[in-house]
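Across the two complexes that follow, chain A remains constant while its partner is chain B and subsequently chain C.
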Partner chain A sequence: MKPRPNYSKIIRLTIFMSSTLLVTLASAAVYNYIYLQASPLSLKTAKVVFADGTDAAQAGTNVGTNGTYVQFTSMSGWPNATRIYENATVIMNSDSAVDFTCELSRDSWTGNTGSIDELYVRIYDDSGTPQGTLDVKAGNTTSFTIIHTEVWRVEWRIKWNANALSTDTATVTLALRITGEGTSE
Partner chain B sequence: MKTRYSAILVLSVILLVSLSIPSHSHVNTTLYGQASPIVTEQAKVILQQGANGSSLVYTNSTSAFISVTSPLDQPQDFDDVLGIVNQASNNWRTSLVLYNSSNVERLINATIILQNGSNNDQITIDNGNITQFQGQPCDLTANATAHISIVNLQAADNQTTSLLYTYLRILTPDTSTYDLLAITFEIR
Partner chain C sequence: MLPEFIGILGIDIFLLLSIVTCLFDLPALIQYVYHISAFVGLGQFWITNVFGINEETRFLVYLAYLGIGIANVIFINTYIHARDERIVWTTSFLCGITIPLLLSSFLATSLYLNKIEISLPSMPLVPIEVILATVFVSAIAIVGSLIASSISSERNRFPPIRKDREVKK
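Entry: the complex of A and B
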């Protein structure tokens, strides 16, 4: 007589094996690596850079090494009056042939910002024509295309309101995004 | 059936090709500029009430409203309708700039001048036309006071009011950094 299979035992064994398999899969993820290589990562001289404007002394303009950063440390204003730095810094496009599209936007805006009625940053081309205006309070964005070999000035216009206190301060950081620089080198 | 397979094959190819096209192919570089801190300070040049006409100097003494009544029969001068006081030990260059106006057609004559020891014409109206919108900058020396006057003022009627919206431009010498103080002239 043929022995009868012990179904109960088989089922228990199957459940045990399945559980073991699940635990193994859960605790041992399978990885595949694929690789990306950038070689060489080279440093290029920036084509579009900042430089001192003619009002650099008044605005406290400090251009960083390589001209890729600028800080203004002496900007101020009188309550209920408008302070204008017509030429706080300049933007230079040193490329001999390529015009670059730039987008200026507000990156951060902190401090007693409610005490400032107006804060505009305007870009003027070589001929003195406005090419873009950034309303810092509104937080908008302005775009312009800087022509090759040209030097454009940046004007800051600040108006503190009548109730501004002598202790009020604000800090604004702007981002200038340049499209296309580095693609033709 | 064959047509269906062909269609699926074509669609698959289109999908694969479109997936291979990058959605953002621009190379961007971002530079940063920061103004820190931007501070407020006490005004170094302030406005003060003049000896003639009616002037209202607002809080902080950095804006003002001047009101005068124009004669009809003959021109009249209004000396010192507003004072400009330099509270600092450094010099400035000042001028007036007209940026807006209303109902100037009724003014036969009006000249707004800056007086700093000499007279400097800034804004001129002749037979209802604005013939000069801005004057040459003149010196405001350390701790000195200059004055704004309206000379040769005459209107064609006394039924209406003319308004001149100006800025007093206070320039740091040898720079293009300046402050604008709002001054409104009401000529009744």
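Entry: the complex of A and C
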């Protein structure tokens, strides 16, 4: 005689297996959540930083906390003549092995900008070779790769228009974008 | 690696036990107890997370849970051997379930204690509502099955009285 299939067992087993699949997926999803919660955002020291240059006093260089920004408070120029701050600030790559690609660009440009004939920011490497020039007036972008352990100087060239007034002022904000920081660790 | 990994292993062991005990025709109540134990493990995730229990305590809780799961695997292995007296089944159970589970549990605990990271594939984030719905549906299915099973066993215990026809001579 052919044995009668145990339907009760088959149904129960099906329910167990379906439930097992669901519970396994749910527990894995919960673990995923807990894992993400337990992964906080970490803080690291910047490798490419600003520091005072030799013209820092004349330019009013004010390097921000951790060297991640720099402000010049007393830069000025002459009408119809170029004033040069050869070493207003320096950019240092403190990494011992990695060279970082940097991109310098104009972020904002306000004030009596029409009275300025020329405003250039030039980056010079250790040997004094120019590695990039940013024409602030034109609003272009310059890229350079700063070599590990090197300190590069930043030069500012300002020329006001011959008809510029002594009351004319302009404010410019530049952005330095560094690619690859944090990926080499 | 988080201590919850050990908890997940414990949950999987209890789920496996419920299926295995069903396959080996152990009492239905035991099968459900194992399955509900897996839900308890899932509940522990929620409790430890909501109450912000520290990592060390969580590890001890999940280790105890895993230990209970492993002890039950060994018990079922022994029970099947004693009940059926079939060396093939016992050995298959031992080599296919008990020993691999013992080794993986030991490995997981050792990895956690030695702070060795294992790379897990990144999963997409499932909305909390979907997880809750999944667990709820699963729990409803198990409770329904448990009720149906208990009604069925009651019927078998007290079968309806059959009235035989009286044959008049």
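Throughout what follows, the second predicted complex is superposed on the first by the 147 of 185 C-alpha atoms of A that agree within 3 Å, B and C clash if a C-alpha of one lies under 4 Å from a C-alpha of the other, contacts with A are read in each partner's own complex, and residues count from 1 in each chain.
One rule holds in what follows: contacts are C-beta pairs under 8 Å (C-beta built on N, C-alpha and C of every residue); 3 or more make two chains touch, one makes a residue touch a chain.
These numbers come from a predicted model, not from an experiment.
Engineer: Look at A:Leu165 in the shared chain and tell me whether it touches chain B only, chain C only, both, or neither; answer first, second, both or neither.
Structural biologist: first
Engineer: Is A:Asn87 contacted by the first partner chain B, the second partner chain C, both or neither?
Structural biologist: first
Engineer: Who wins on chain A residues touched, chain B or chain C?
Structural biologist: Of the two chains, more chain A residues are contacted by B.
Engineer: Contact-wise, after the overlay, does A:Ser18 reach chain B, chain C, both or neither (first, second, both, neither)?
Structural biologist: In the superposition, A:Ser18 touches chain C alone.
Engineer: Between chain B (first) and chain C (second), which does A:Ala97 come into contact with in this model arrangement: first, second, both, or neither?
Structural biologist: A:Ala97 contacts neither chain B nor chain C.
Engineer: A:Leu43 contacts which: chain B (first), chain C (second), both, neither?
Structural biologist: A:Leu43 sits against neither chain B nor chain C.
Engineer: For A:Trp156, using the defined touch cut-off, is the partner it touches chain B, chain C, both, or neither? Pick first, second, both or neither.
Structural biologist: In the superposition, A:Trp156 touches chain B alone.
Engineer: Going by the contact rule at the top, pick out the chain A residues touching chain C in the complex.
Structural biologist: Within the complex, chain A contacts chain C at residues 8-9, 11-13, 15-20, 22-36, 38.
Engineer: For the complex, which residues does chain B have touching chain A?
Structural biologist: 26-44, 58-60, 62-63, 167, 172, 175-182
Engineer: Looking at the complex, which residues from chain A come into contact with chain B?
Structural biologist: 46, 48-50, 54-55, 57-59, 68-73, 75-87, 89, 107, 111, 115-116, 119, 154, 156, 158, 160, 162, 164-166, 168-183
Engineer: Which residues, counting only chain C, touch chain A once they are in their complex?
Structural biologist: On the chain C side, the touching residues are 2, 4-5, 7-8, 11-12, 15-16, 18-19, 22-23, 25, 28, 31, 35, 38-39, 41-42, 45-46, 49, 123, 125-126, 128, 130-131, 134-135, 137-138, 141-142, 145, 149, 152.
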